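Pasting the structures here.
One chain, subunit A, links the two complexes that follow: it is found with subunit B in the first and with subunit C in the second.
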Partner chain A sequence: MSFAPRPAVQPWKRANTNRRILIVLASILPLLITAGLVIATGIDSSLATIVVFLPLQVIAAGFVGFNAYGRRGFGDALLVVVTIFFSAFVLIMLLSVFLSVITEGSKALSLQFLTQNNVYISNTTSLEYGGVGNAIVGTLLIVGITTILAVPLGIAMAVYLTQSQSKLRGVVRTVTQALSGLPSVVSGLFVLSIIVTFGFEKSGIFGSIALFPLMLPTVARVAEEALKLVPSDLRLAALALGAPNYKAFFQVILPAAKSGLVTALLLGLARVIGETAPLLLTVNVNNGTSWDPFNGPMETLPAYVYGYLSSSFNSAHQRAWGAGLVLLILVAFLFGLARFLGRAKSMKSKPTKQKASK
Partner chain B sequence: MTSLTKASTLSSEDISVWFGQRQVLSNVNLTFPANKVTALIGPSGCGKSTFLRTLNRMHELIPSAGLSGSVFLDGEDIYGEDYDAVTVRIKIGMVFQKPNPFPTMSIKDNILSGLRLSGRKIGNAEELVETSLRRASIWNEVKDRLNDQAISLSGGQQQRLCIARSLAMDPEVLLMDEPCSALDPGSTRRIEETIKELSSSMTIVIVTHNMQQAQRVSDQTAFFLADDNTPGGVVEFGATEQIFNGPIDQRTNDYVNGHFG
Partner chain C sequence: MGKLKPMSESSVSTPAPARRKLSAGPLSTGDKWFFRSTSIAAYFSFVLVALVLIFLFLKAWPALQEQGVAFVYGNTWVAEDGQPLVMQIGPMIYGSMLIALIGVLIATPMAISLAYMIVFMLGSRLAKIATTLIDLLAALPSVIIGLWGFYVFTPVAISWETTLHNYLGWFPLFQVENPENAFRGSPFIAGWIVAVMIVPIVTSVTREIFSQLDKDLINGALALGGSRLTVFNKVILPTSSGGVVGGILLGLGRALGETVAIFYVLQISFNINWGNLLESHGGGVASWILARFGEAGDGEISGLMAAGLVLFVITLIVNFVANTIVNRSQPWRKN
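Showing the complex of A and B:
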């Protein structure tokens, strides 16, 4: 028996010429008609996209589907058009936010912008002076302290919710969910009332405390889902080998849930790193660079953006955009770092020396 | 390749089991002599897997579980004050229906996981890994990739890895809960050969739905049955030869000949 390799074929994708023409027409016509209408009548193009293009595209695709497969073809075509349309809609919105931050922000970005602080800088100062170094330090310290507080506690809550049989779990879960709806400004006001009542000075640590109740529910919820996904088989297997509960948890369940727990950390981080209101209330702003979260005000990136946005000068706006871009880059960097560390650790068990086989 | 401990005799005395208010097993009295293979057979839902779990105290992990009676390991009650669940599970190993190697560990670490998890010292790791894998007859297939992740193995290999993982603990008794139900005939045959070899160094109890398997591997057989809305129990218990070729009870005869269940 001889075997000659042949290229793979996909016979289910075969379509006759008529249907091909219909598909091409259905893909082009609605767009052409909409474009023509916009040019001829001058109506708003985004309005036309939703009022004219979407219905036309639905009708066209529905007709092609119905022509090919009857009613089920109509349903399939409708689903395809609607999902693609709304995915594209969301994608374009997100990309335009990204693009404007990157194009506007990159004008301000330079090494000096990352390292210098905001002392002696005013709304009209040229972009060659000053930067967000003080805000980067403040954001990292404040969010770092929040993370150190909230992540272990959030994971501990998730462990309680998934591993114990306690009857109080329902209460804890409900309270956590309620907490996740807490407006950040309320959290800030609460901490501010403590500061005022006891006569403290506004400082970084109070910012961390104000961010804590915002981060905790996110971490706890996501970590709970991650731990739920670990098959109960694994825990039983560990216990059947004579493992005490804590070792079964630390050596088997936790490693199996690790990538999910890293996601919990990242979503928690994303929840708080851009918060502005609670920080303005509890940390205040500081043009100088402060490394001490326990004494005096600190600058943070969101507060920096807020401060320069309220000005009417062009260079001030560019500083705000620049700080926004730095925040985006910082988040991307932290996400990448967490994923890298999460992966590197799981590889650790692999590269042990391989003994020559007998 | 010698076993550190001797095989032990395991026996149950008047074991009854509840889930909440519902009794699912009633007065099970069975003896599993050292170095013998005992098969537990019976239709689904008759309580044989539940009974198996009472033998190494895995049953008590279910929150609504209840139990009366005793299980004796070499004359000592494993539910008595001198024993705790962890000690019992170290001496009495278990292989589950579905292969469940630890997915985050390498093949080698899976073998060593039992000792690590139960907090015991690992003497010669390399030797223990090889010995355990050889006893589960999977050494030749994995010896060149001991550091690969365990989930890279096929289903049958994973199950034999799980057996090897139990063997690394050097158990006195090995409990197997339908270990071949998810495997192909080739893997099943290899595991059956492994069971026969292992019985020289330990006591084995195996739950199976496969009549031929029970006949091939076991020395004695217990037939479990639960009538409608009554707790399950042992209908007949004796030498495998007798259960399959000359059962005393009519229901045993019907079951082993495939008339119901």
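Showing the complex of A and C:
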């Protein structure tokens, strides 16, 4: 009872040398033809992309697909080409945002730009003087206070949504989700109406309060995801051993979800650090450096960008780009740190899973 | 489990402990306070929404009382010294809707393509990178998008608009009265900027729904001889359409509230732009608030509060509907 080993036939793999050449040609030719056409006739390149490149690419890919799989290959090709085209489009836009902010912003960036404040600086002052030091201080203080307010509350909300058995959880979740769509300008108007009603003076703390409703839903949602990732077996085991719920939370769930909760904090920070409209409505701008968020005006990075972009001088716009780059670096740093912690978490959780399965 | 010692005789012979009281509520006082404090935190979200509504309404009341219902649909805004205040936000509401609609129309195909690409075409490693990039796009502050839109994107978009006008100018949407002073600051550009900002949220909802689709269904359709295209049209889209529509509505809610980015790229003027997308005037409630806020007196501030209230109510409704649809189409997320 022995069979001679059959040659491995893989009918689903129909690529051979001819087909590979076709695929390479189909990926290169439309691009070359379009480029040639643009150079030769000088028509608008975006028009050429839509009118010449896209149809050519669809036809070329369709031909390869038809050659390999018959009629259904054509549908495949159409979908793949359109999908890749749109995705590449978004990617190009994202890269364009990054590249323009980095190239334009780095022209303004220097040590003095990061540390000096904006006193005696006008729209036409040379970039060798003045900087965003006061705005960095203001942004960090205002956003820091928002964090102190929003993070404990957001995590408590997430605990309520994951640990309690209340019937109102669905409603709370819905309202929190609705809150996450709160337009930032409305949040600013809300705090402005508080300021006007009670006759307060505008100051940094009101900026923090205006950012609070924007940060809260983000923290609550990400923290809820993080708490959900902790296996409920752990909590149930702690409860079965006689631990009260709060001990189970603080001693079992919290340590397990720690990095996820830090991610919630960081993503919440990244969400509000660049918010402009609420700060414009609730905090007066300040050219000097202010360390006191409870009194008087305060400068922030978004307000700095806004102020200098509203002027019509080129040197002022350079400052706006520079501050934009600082803002982008802050956001990217927070975001990258959040991702890094998230990854560290998922790596750690693997070995514990293996242990549990034994 | 080998470490467990055998039970000693004495522990077996002790009398059974008194029957424990069984109840579902928290047992200890510590627990009571634990749950009490978390529920206070949770109910705070109700309080917050109520506070926003109450305070805005209080401050908006004088304007609303004076202007009546016409505040929402009228189309005059006079706020100069010595003249009676007339504040009617109609054109701005219309402008917000127009721009949000353009944004959604542009963002939807991109978001669905991205989601399809991430879930069905990329390997897990590339998919993770793509997801991270999309999330990063979502985290970009709107003031940076505005800066980019003003400096980098507007010139590019103007060349697109010129092309559109040259070749499709006969189509009413792309008609322009005077090409000399059109194109810059048009609703078309603002729509693109809004699209860039809502692509991430639509993508992440769509991706989530695509990734939870029944793989057997898709493989079955492929085995029956379907191509990617037919599988997408006949299987993926019908089964996920509800959630995708919810995601698009979420994006619409975000688009309606966009402020700073639109403020930079749009030429705000108070006449209704009835659909000449390339003409350089348009509007938006949020940007209008920002534009008027600086020089507004007390009476006008009240009008702007009323505008904010209207904006909040609209986005609240849109978001509520969107979230209901999304939650219903993601039953696996219920815990």
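Note that the second predicted complex is superposed on the first by the 274 of 358 C-alpha atoms of A that agree within 3 Å, B and C clash if a C-alpha of one lies under 4 Å from a C-alpha of the other, contacts with A are read in each partner's own complex, and residues count from 1 in each chain.
Here is the rule we use: a contact is a pair of C-beta atoms (placed from the backbone, for glycine too) under 8 Å apart; a residue touches a chain by one contact, two chains touch by 3 or more.
All of these numbers come straight from a predicted model, not from anything done at the bench.
> After the superposition on A, what does A:A238 contact: first (subunit B), second (subunit C), both or neither?
In the superposition, A:A238 contacts subunit B only.
> Applying the document's definition of touch, where does A:Q165 land relative to subunit B and subunit C: first, second, both, or neither?
After superposition on chain A, A:Q165 lies in contact with both partners, subunit B and subunit C.
> By the touch definition at the top of the document, which applies to A:E128: first (subunit B), second (subunit C), both, or neither?
A:E128: touches no partner chain.
> More residues of subunit A are touched by which chain, subunit B or subunit C?
C
> Per the contact definition in the header, classify A:Q251: touching subunit B only (first), subunit C only (second), both, or neither.
In the superposition, A:Q251 contacts subunit B only.
> So which positions on subunit A get touched by both subunit B and subunit C?
Looking at subunit A, the two contact sets intersect at 165, 244, 247.
> Can you check the complex and tell me which residues of subunit A touch subunit C?
44, 46-47, 69, 72-76, 78-80, 82-87, 89-91, 93-94, 96-97, 100-101, 104, 152-153, 156-157, 159-166, 168-169, 172, 174-187, 189-190, 192-194, 196-197, 213, 216-217, 220, 228, 244-247, 249, 267, 270-271, 273-277, 280-281, 302, 305-306, 309, 317, 320-321, 324, 327-328, 331-332, 335, 339
> Which stretch or stretches of subunit A touch subunit B in the complex?
Going through subunit A, the ones touching subunit B are 165, 231, 233-234, 236-244, 247-248, 251-252, 255-256, 258, 346, 349-352, 354-355, 357-358.
> Which of the residues in subunit C end up touching subunit A in this complex?
24, 26-28, 30-31, 33-35, 37-46, 48-49, 51-52, 55-56, 58-59, 109-110, 113-114, 116-117, 121, 130, 132-137, 139-148, 150-153, 156, 159-160, 162-163, 167, 196, 199, 225-230, 232, 250, 253-254, 256-260, 264, 286, 289-290, 293, 301, 304-305, 308, 311-312, 315-316, 318-320, 322-324, 327, 335
> Contact residues on subunit B for subunit A in the complex?
56, 58, 61, 63, 86-87, 89-90, 93-94, 96, 98, 100-106, 108-109, 113-114, 116-119, 126, 143-144, 146-147, 149, 162, 165-166, 169
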